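There are two complexes below, and they share chain A, which is joined by chain B in the first and by chain C in the second.
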Partner chain A sequence: MQILRKSNWEGFKKITKMKRKEIINKVKESGLKGRSGSNFLTGLKWELIGKGTRYLICNADEGEPGTFKDKFILENNPQLMIEGIAIASYAMDIHSAFIYLRGEYSYLKPKLEKIIKQSEIYLKKIKLNIEIVPGAGSYLCGEETAILESIEGNRPIVRRKPPYPSESGLNSNPTCINNVETLANIPLIFLGEWDNNLQLFSLSGDLKKPGIYEIELGTKLEHIISCGKPKKELKAVYFGGSGGCLPYEKFKNLRVDEKTISGKGAVLGARSLIAVGKDRNIVDISKTISEFFVHESCGYCTPCREGNFRVLELLDKIKDRKARIIDVKLLEKLAYHISDTSYCALGVSSTTHLKCALKYFKDEFRV
Partner chain B sequence: MKIKIDGRRFSAKEGETILNVAKRNKIYIPTLCYHPDLKPQGRCRVCLVEVDGKLVTSCNTKVMDNMEIFTNTKRVKEARKLNIELIYNNHSGEKELEFSVVAKELGIKKSRFEKPKKEIKSPMERDNMKCLLCGRCVQVCGAIQSINNIEFTDRGISTRISTPYDISIKDSACTFCGQCALYCPGNAIRERAYNEKVVRSLMEEMNKIINKKKFIIAQTAPAVRASLGEMFGMKPGTLVTGKMVTALRKLGFDKVFDTDFGADLTIMEEANEFVGRMKEKKNLPLITSCCPAWIKFAEQTFPFLLKNISTCKSPHQMLGAIAKTYYAQKLKLKPKDLMIVSIMPCIAKKFEAQRPEMKISGCNDVDVVLTTREIGRIIKKEKINFTDLRDGEFDDPLGISSGGGAIFGVTGGVMEAALRVAYEILTGKRLKEIDFNQVRGFEGIREADIKIDNKIIKVGVVHGLGNIRKFIESDRWKKYHFIEMMACPGGCIGGGGQPRPTTNEIRKKRMEALYRQDKKMKIRMSNKNPAIKKLYLEFLGEPLGEMSKKLLHTKYKKRKVKYT
Partner chain C sequence: MKKLDNLISEYKRGECKLITLFKEIVKSKGFLSFENLNYLSKNLDIPLAKLYTTASFYSFIPTAKKGKYIIRVCNNLSCNLNGSENIIEVLKKELKINLGETTGDGKFSLELTSCIGQCDSAPAMMINNKIYTKLDKTKIRRILRELK
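Moving on to the complex of A and B:
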């Protein structure tokens, strides 16, 4: 696997001989995009950072259902990520970086601290201090502006953009927020022989071999799923909790990248695929995902807080065969309403799973 | 910049929100969590409009050049309605609430979501089942009042508003200023101490003809007459003094007195206290004491200021004490035979009336405190047609007042009334220019140099607890001789017990009304009030005399609360 390559600070040694602008241009030319699912050009993000005291935040608060690729890197090659942080900090003239580490991953904190200590010679060279901040525990804490609030000690509420974090982020200073996988790829760009299309996929669900696989973007859905060795015939593939689902048989020849998936109404996101067997009921799955969002909604805005609660109520009714046709209609209306009027992107995406389910598996929502 | 709303062209300034432009041009957009005094949050998602095929909240979306906005497409209308429907079950059904008005305007009479939300318990004196989670109270408590005593806690459908670590509100840093209640669109936070039961037993007692045990006296604060009319659809700034007195008589109060009289009495004591401290140059600046929320704030947060605060009780406590002694003697009654009901624009007054220091011969100075909202509701419940009432007059002798007492209800009023009297005491001359325009206004912190007898007196006027905190923490307070502090923005006219809605615009209108009243009055100085003169002659002796000290003055103590 490309991501497991040991760099031993070779990439870093190369960039310290380069000018800042050169580094940023090289990252830009590499075509590396944010691996959290945002797909924003990383080099451009670096270029857009404002003036003054700047901060870098490594977003290690991976909370999407079915996603565990960052954990894989943190466990197996964290040194690469630390090196990426150092390169990014040097390129943007940053002297204070934070690793916002998911609460459930706190067992990794001693390990990361050890690596930071071992890397002191390199970090001292560029006067960089790396601090590990434990995540505050909610799903929302993975959103970049909620992380800012969380580090500042506030309730994690998504900030309204603009201003973007690149102009006014942590403590109102310009801040760059990058994902673990994005940063881990940075040193590789400078080592050469690096393929931007090789990305991490989290495979789980009705599979014999769930796990992390490095697969080329654009591979057929069937080939990706076959890596995990399905236990049984598959009905659907879910793209995490918020990415929605697609029927497997119908789309198994689809070449998977963000454009093809969104063309069908789902969202590829952080490349988490959950395989669902034919024997499973879509309403049950919708209910499970819906429970997740009822639990994780921050409660800020009406549609996400109240709406998801009512979605769950209606799904319960449908499952218990107590629903009427108007209930299903109301469910559909709510699904679109919540994504239409919610305050933040997480609220907006909280019903994608339902919209897809109603599009492709309507007959399972029987009354 | 030019924008288009519903196909019509409008000009707009950079940085303006869509809602601002629409409001200015009288285009209707419903709002709920939005309040003109607060920062827009975009929580309730009711003020939606369509821009570029997307639904956005108009309260916090800024206009851009050539923006095309649609306020009444089918999609917009349906989305607004559904968001109201989602919180409709939290609503209490009271017609006058802001939430009810918005729901009615959108034509929503019931929600398709029947089952009520699961119950949420909280130690706060509030009804979580009626809470719309609009966040206005949180913002007002934090950003405006700087107390930060309530915040959102928990998440998702269990989200609620509570104190730090859910401690009981009585142990918390709450000053009972009541601004949270004033801004609440759904009556989820409200005055707590006097519930329906107390009011009902009070009404019963008043309606008894035989076997009546108590002689019941009402007194009304200066600010109530400038706002009570709003409860009955009258325009903000309408003075309803006469109608209010008549309504209270109809309710069965035996006498209706005016807290303005108490205010005049406060001024007599406080102006003399000020002159005394000026002469001795001790414990300056003198800081006013008539605001009970400010007093609690000082006791818990700035105890080092307590020696500077005037020892005068607040006007309604003074009037209560005088009624239960001087007036009771006239009626040949004992203090406990009298029941004093204060009608106040304030929630903190309920707390003040229960303070153990506020007693004379074992009786509370004041027995019950009702807010403007509460008395308005009682008048409605008793089916009194308020707007058609004839004007009544306050009863003698504790109903006679001066213009100085009248302006107590606005920020700067106490200062002005005190200066009027202090001038005459200090110079021994008659005051010609009665208006002290230097201390009037709406700015959070105001200051003026007043020249009396070749001496410069530095005065400061501060309103809103947030401004007070800033003022004290910056150490600016040290350079003054006399400071007026009011916890609520605008003073009592913007008090926590006033009718909803209250905005800064409405506050200013109520303010003008009180200044109008002052201007019209024949006696404008507290020391010229004949009833006050008579009271000192017959009963009290002189200001700060032995009797005054016993009845009209109090003391303060350092107060420990959790998590200030």
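Moving on to the complex of A and C:
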């Protein structure tokens, strides 16, 4: 696997001989995009950083159900990520970086602290301090501006943009927020022989061999899923909790990338594929996902807070065969209303799973 | 409260963040009590309401007393497909409590949690900061026996 390649600061040694602008241009030309699912050109993000005291935040708060690719890097090649932080910081003239480590991964903190300590000689060279900030169990804190609020010690409510963090982020200073996988790829760009299309996929669900697979974007859905060896015939593939689902048989020949998946009404996101067997009931699955959003909604805006609560109520009714036709219609209406009117991306994406389920598996929402 | 005072000084020097402070208190005391919050409020000169609204946002910062061991079972899609509901039933039966409750001896609390990123070894749960994966009935009984 490309992501397991050891760099041992070789990439860093190369960039210290380069001008800052050259580094940023090289990252930009590489085509590397945010691997959290945001798909924003990383080099451009670096270029857009404002003037003054700047900060870098490594977003290690992957909370999307079915996503564990960053954990894979943190467990198996964390040095690469730390080196990526150092390169990014040097390129943007940053001297204070944070790793926002999700509470669920706090067992990885001692390991990261050890690597940071071992890297002191390189970090000192560019006067960079790296602090690990622990998360405490909140899906919302994976959103870049919620992280800022969390680090500042506020209730992590998503900020309205603009201003973007690149101009006004942590403590109102320009801040660059990059994902673990994004940063881990940075040293590889400078080492050469790096393929931007090779990306990490988290495969789980009804599979015999769930796990992380490095697969080329554009690979057929069937080939991706076959890596995980399905336990049974599959009905659907879910793209995390918020990316929705596609019927497997119908789309198994689809070449998976951001555009093809969104063309069918789902969202590829952080490339988390959850395989769902033919014996599963889509209403049950919708309920499981809906419970997640009810739990994680921050309560700030009404459509997400109340809407998802009502969605769950309606799904319960349908599951118990107590629903009427009007309830299914209301469910569909609510799904669109919530995504159209919610304040932040969590709310907007909270019913994608339902919209896909109603699009492709409507017959299962029987009354 | 000496340790808490040290933490407060660290915070004031900008060496740690508020959330780190909260988590350290939870680590040593099990939860963030009203007294702790009040103490922090006076010493940090931050309104109590602001501290509470921040702390209470997070699932891993309890603001009420819980068991010595907080069991958090993941019931999101991947774990659910791999039988997390059975795991929850086994835990309920073994501990004789429902979700959201604490055993009479104050040892165990049982909760659900959102995805903990162990989907490749589902079903999974956390007990305090420790991760337990590929759970089944026998494994759960063994884990509980070791903690009892």
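Criterion: the second predicted complex is superposed on the first by the 367 of 367 C-alpha atoms of A that agree within 3 Å, B and C clash if a C-alpha of one lies under 4 Å from a C-alpha of the other, contacts with A are read in each partner's own complex, and residues count from 1 in each chain.
As a working rule, a contact is a pair of C-beta atoms (placed from the backbone, for glycine too) under 8 Å apart; a residue touches a chain by one contact, two chains touch by 3 or more.
If you're wondering where the values come from, they're calculated on a predicted model, not measured in any experiment.
A.B. asks: Between chain B and chain C, pick out the one touching the greater number of residues of chain A.
C.D. replies: It is C that touches the greater number of chain A residues.
A.B. asks: Contacts for A:Lys232 in the overlay, against chain B (first) and chain C (second): which applies, first, second, both or neither?
C.D. replies: neither
A.B. asks: So, does A:Ser138 touch the first partner chain B, the second partner chain C, both, or neither?
C.D. replies: both
A.B. asks: Could you tell me if A:Arg155 is touching chain B, chain C, both of them or neither one (first, second, both, neither)?
C.D. replies: A:Arg155: touches chain B and chain C.
A.B. asks: Under the stated touch criterion, which partner chain does A:Lys28 make contact with: chain B (first), chain C (second), both, or neither?
C.D. replies: Touch status of A:Lys28: no partner.
A.B. asks: Of the partners chain B and chain C, which touch A:Lys14 in the superposed model: first, second, both, neither?
C.D. replies: Once the two structures are laid over each other on A, A:Lys14 reaches no partner at all.
A.B. asks: Could you tell me if A:Lys252 is touching chain B, chain C, both of them or neither one (first, second, both, neither)?
C.D. replies: Neither partner.
A.B. asks: First (chain B), second (chain C), both or neither: which does A:Ile289 touch?
C.D. replies: Touch partner of A:Ile289: chain C, not chain B.
A.B. asks: Could you look at A:His337 and tell me whether it touches chain B, chain C, both or neither (first, second, both, neither)?
C.D. replies: first
A.B. asks: Going by the contact rule set out at the top, does A:Glu306 touch chain B (first), chain C (second), both, or neither?
C.D. replies: Touch status of A:Glu306: first partner only.
A.B. asks: Would you please give the residues of chain A that touch chain B in one complex and also touch chain C in the other complex?
C.D. replies: 138, 155, 295-296, 298
A.B. asks: In the complex, go through chain A and note every residue touching chain B.
C.D. replies: For chain A paired with chain B, touching residues are 138, 155, 160, 294-303, 305-310, 313, 330, 333-334, 337, 340-343.
A.B. asks: Touching residues of chain B toward chain A in the complex: what are they?
C.D. replies: 42-46, 48, 55, 57, 60, 75, 78-79, 82-83, 86-87, 112-113, 115, 117, 133, 151-152, 154-159
A.B. asks: In their complex, what parts of chain A are in touch with chain C?
C.D. replies: Interface residues on chain A, with respect to chain C: 62-68, 70-71, 102-107, 133-139, 150-156, 202-206, 210-212, 238, 241, 272, 274, 276-277, 280, 285, 288-289, 291-292, 295-296, 298.
A.B. asks: Mind listing the chain C positions that touch chain A in their complex?
C.D. replies: For this pair, the touching residues of chain C are 17-20, 22-23, 46, 50, 53-54, 57-61, 75-78, 80-82, 112-122, 126, 129-131.
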